[in-house]
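What follows is a pair of complexes built around chain A, which joins chain B in one and chain C in the other.
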Partner chain A sequence: MSMAPMPAVTEEPVTREEKPRAAKSAGDEGGKVLNAFSHGFLVLWAAMVILPVVWIIVNSFRPSGEIKSDPFGLPSELKWSNFSGAWVEANLGQYFVNTVVVLLMSVTGTMLLGAMAAYVLARYTFFGNRAIFLGFVAGMMFPVFLALFPLYKTMDNVGLKDTHFGLALVYIAYSMPFTVFFLTAFFRSLPTGVAEAAMIDGAGHYRLFFRVMLPMAKPGLISITIFNVIGQWNQFILPLVLMGRNPDGQVLSVGLSELVSEAGKQVDTGVLFAGMALAMLPVLIAYILFQRQIQAGMTAGALK
Partner chain B sequence: MATVTYKGASRIYPGTKKPAVDKLDLEITDGEFLVLVGPSGCGKSTSLRMLAGLEEVDEGSIFINDTDVSNLPPKSRDIAMVFQNYALYPHMTVFDNMAFALKLRRTPKNVIREKVAEAAKLLDLEDYLDRKPKALSGGQRQRVAMGRAIVRQPQVFLMDEPLSNLDAKLRVQTRSQIASLQKRLGVTTVYVTHDQVEAMTMGHRVAVMKDGLLQQVDTPRTLYDKPSNVFVAGFMGSPAMNIKTVPLGEDGAKFGDVIVPLSRERREIAAAGDFDKGKTEVTIGIRPEDCKLGTEADGGIAVEVDLVEELGSDAYVYGHAVYSDGTERFVIRCDGRNMPRLGDVVHLVPEVGREHVFHAITGDRIE
Partner chain C sequence: MKHGKGWFVASFLALPVGLYVWLVILPFAQAFQISLTDWSGYSPSFDYIGFDNFVEMWSDPKGWVIPGFTHTGIILLVLPVIVIVMSLFFAFMLNVGGRSRGGIGGVRGAGFYKIVYFFPQVLATAIIAMVWSQIYKPPATGGLITSALEALGLPYPEYGFMGDTSWVLTGIIAVMVWSSVGFYLVYFSSAMAAIPQDIYEAARIDGASRVKTFFTITLPLLWESVQTAWVYLGIIALDGFVLVFMMTPSQGGPNHASEVIGGVIYKFAFGGGRDAGMASAIGVVLFGVVLILTVVSLRFTRRERIEY
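This part shows the complex of A and B:
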């Protein structure tokens, strides 16, 4: 894979000198074979990712019976009622709103607390700094399943079980390790001189953070925000357990799964596909809109 | 309007024993342009950052006027600083960069606009106020950094090698601009540089530092004419002074068979010290422009020419002299129209009375 760009260069004779051409042709052959192979692999991979998505979208327009008899066919008519069925009758509309409400709280909280913690860990030296940082990093390795039961009991005890606020709190805690880990590295890469200039200009710790450092960390903040939005949107096991007794307050991912498993009911496959398409849409749009920032965030700090 | 006083100020970085700045005593008068100069790692930047409040003062204290600022945070010291890499706020426009400090002080909006406009006019930045720093050239960024310091009207300007990121031509141009700007504003300025030419041309007084220790503070002229020790003598001036440690004879310093005569008092001071018996030495410094090309009969030191640098009006002759116990390298300034050729043997005649004499062990100047 990483070899791919090299042979690609040999296909641009403009940038090359004329002389060593003859000698190079053998290498070109090898390069083309490798190129074909790596591109073939990429095409295969792209197909594996894209085709299921297309399949879901195509099937979301087909009636249930048609899907069962011919799963891979094209729609004979556009059955828009699948969407209204999913949104209204299967209650996905309510779930959608619930998810948005939870995410508004949790993503805001994650970013605010995560950025503040990361900033202090990255730029202030104090006793225990390293230990706290490692504590956050260790949190990334802790499987969520191990925490489920204690989490359930705790939330029950403090009376936050089956509430959106409680779920948002858990999401925040769950997202903190990676957010802090990522943003610490990002804040460390920002030039110290700018912070010093702001201090001399008269900024205290809070104004230094909110007026200078936070805006400078914007690329990192955007990518980690999107990462958290996607991660929390797709969260399944936490809401399944922590919102189990509050069916109307449930989030989208769990609501979808209930479409499949509703006991004693015939599953309407067309509606199920429509629901999946709806659930996928916001994340897909976010990805397309912020594609550039996501890529920039992935490689940010690599060259400094 | 402010004076700055370092009183035995030291900075010892955690984990090190040797102070980065060692008991610095320095008084800077109101309106003065003082240049801190020295090789890298000599503690000049640390001294400046101590004054700015960006480094702790571990021992001693620093005063601005009569206020002990040693333990004040940077924002309470009423100083402005220009950084080597400018440290502009990348997310703010030029206007906001310059206005930031005033905004933090809750200055009324119309006053801010007025002051920024004034500074922008002074620095020729009026057309760029809406731009972000990344859309500016190096010289423009440097001027924004200056502007950010000026609008504050601080008690003291601190400048940490503000010209080192500019190209050679712009550096010379900006050098004179900063000097004349300082004169006009009359604000006490501490300027750090490693470039002795900048130090000589800009400073009212120059403080030379080495290994955290202050070597000498004086006007550029005095530093050049009467360096207080071997280090200052070698650091100031380009090309550097010819500094040679040679045996001390009956009448003076012995360059092989050639003797540079020294007075009796000087010989006595030079001989005092912990020398091995019969190995008494003295350090002689001769500036390239204080030598003439002469003949053997003039009592010149025979030097074989290795390289001639032509500068048009002048030429610098680089050569070496061979003694019984090794060779010594010399630089001589001579007339650009009448210079020796490569491989020639010329005779270096020191101008009488222009030589600098230093103690061979302590390196201190001997008058």
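This part shows the complex of A and C:
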């Protein structure tokens, strides 16, 4: 991680005095103290985010004994076996694959079903349109804890409990409110001219949707896909409850929690750090590469 | 063309609506029904007992419910204030706080800070919980803060921050703040970017200090975003389950010092409480709270907005 910009920031008061501004005001005098304080706080908060991440990565290479006796030390040797331990023995590899399998189904399903529903709700007038839209939007307000137990029973009754397909269906259903809410607004904002022209050219409703409207809605679809990937990747309570009896099929978030649970496997501290580093790394890399799109996707909802 | 429309609409809505009704609406409706029963969730039969669960929960034989509501209430009051104040401060510094350069802009390295601060938001809460569990541990197991305090000769909680009744809730809230500030910083930043530069320039020519600029220009123009953030943070505050579940001893301890309402519902339904009726009744109360918060916030956000 680059620490380079920080010294530049702390130097700033010096550069300010070198070239004083013409419009100097009384507020600027008190501003200097504030300035030093503010910058100090900015640097401190950056350190509070960066240091734990660095700490986890450094410790993931160290043997357990060393971590416990000196948590701040550097690795005396690179203990790569921590990583194989986490990936194979602690089963993180399996959890990782499970999460990817579930997400492939659930994100595809969420986007397809969400876009279909949002499109007709945004672009067609029919009886019950408003009621269906409000029904979806109201779901954003339901606390998922209230539905947990009946949902568990429902999935059990149809034999979909402890299956990846069942979990994916639940993810899709619980992602609908926000996805529909967001995409409906997006489809409404698209110009009508293109759609009319396509209809005049003889395109049917289906063709219009898949060939014209979906490609036009691409920016909105990308934002909400990122939002759903991150949201479903982070899901915890649903897989905890709905995959509880299928330990080998568990997803990464809950699988990780078993490494630290009191009743769970007693995992070697070095392996635990390696597990955290492994779980964090793909997200860190994806974030560094796509941070602009990820920030846009995740804040898109709040900005609507 | 006309007769194809009805069929098209139906075919596009059938799956999404069907799935949503089956897995979201019906379970919620059933929860209301179960809240009126004495069903353990495991027995084949149950009886309707009216509103007994809603009365009984307050006598709280397990010692979960009252601490749960109290702590969730504390988080609901504290979390939004801290996160909004901090992220507004950071957003202001990163967007209009820098004054050494010619134009109005953020401090140096603003882009870098935004990238760093937002990062916790993309981490799974489960990973955040694991990382902070390690940080909070007692020195004997390599805790980061306690080891540092020990090295400096300062007092520290003997069983780590999560093992200490007076620290555990503060510790959980700190993690919630740590992971949310970046998101609201980016959110407020985009709102601030929409404020025209000339307003700030005019304020600067008039000799307004940064503090004054913030309170007379930025804050009033951002008021609507602040209210939205408040609602979102309120919803986050009502959760907190994953952190408590993974970080605290006996998932709400020590000695019930970190019970939160989501965790209490989970424990009644799945974790040894064996009382689905009670779990659902508490869930209904939680739903009521969410409803009231939403209505209140909708009323408040219906103020006039300033056009610029």
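Miscellaneous remarks
Operating definition for what follows: the second predicted complex is superposed on the first by the 225 of 304 C-alpha atoms of A that agree within 3 Å, B and C clash if a C-alpha of one lies under 4 Å from a C-alpha of the other, contacts with A are read in each partner's own complex, and residues count from 1 in each chain.
FYI, a contact is a pair of C-beta atoms (placed from the backbone, for glycine too) under 8 Å apart; a residue touches a chain by one contact, two chains touch by 3 or more.
Here the structure is a predicted model, which means the values were calculated and not measured.
In the superposition on chain A, contact is made by A:196 with chain B only, not with chain C. Look at A:215: by the touch rule set out above, it reaches chain B but stays clear of chain C. In the superposition on chain A, contact of A:117 is made with chain C only, not with chain B.
Of the two partner chains placed by the overlay, only chain C lies in contact with A:170; chain B stays clear of it.
Legend: residue contacts after superposition of the two complexes on their common chain; A:74 is shown touching neither chain B nor chain C. Comparing chain B with chain C, more residues of chain A are touched by C. Of the two partner chains, chain B and chain C are each touched by A:204.
Of the two partner chains placed around the shared chain by superposition, neither chain B nor chain C is touched by A:267. On chain A, the surface touched by chain B in one complex and the surface touched by chain C in the other have residues 199, 204 in common. Against chain B, in their complex, chain A makes its touches with residues 191, 193-194, 196-204, 207, 211-212, 215-216, 218.
Of all residues in chain B, those touching chain A in their complex are 52-54, 73-75, 79-81, 83-91, 100-101, 104-105, 148, 152.
If you check the complex, the residues on chain C that touch chain A are 1, 4-6, 8-9, 12-13, 15-17, 19-20, 22-28, 30-31, 34, 41, 86, 89-90, 93-94, 97-100, 107-109, 112-127, 129-135, 139-144, 147-148, 178, 181-183, 186-187, 190, 204-205, 207-212, 228-229, 232, 238, 241-242, 245-246, 249-250, 261-262, 265-266, 269-270, 276, 279-280, 283-284, 286-287, 290-291, 294. Looking at the complex, you find that chain A touches chain C at residues 2, 5-6, 8-9, 12, 15-16, 19, 21, 23, 25-28, 30-31, 34, 38-39, 41-42, 45-46, 48-50, 52-53, 55-56, 59, 67-69, 71-72, 113-114, 116-117, 119-121, 124, 126, 132, 135-136, 139, 141-143, 145-154, 169-170, 172-174, 176-177, 180, 199, 204-206, 209, 230, 233-234, 236-237, 240-241, 244, 252-254, 256-257, 259-262, 269, 272-273, 276, 279-280, 283-284, 286-288, 291, 294-295, 298-299, 302-303.
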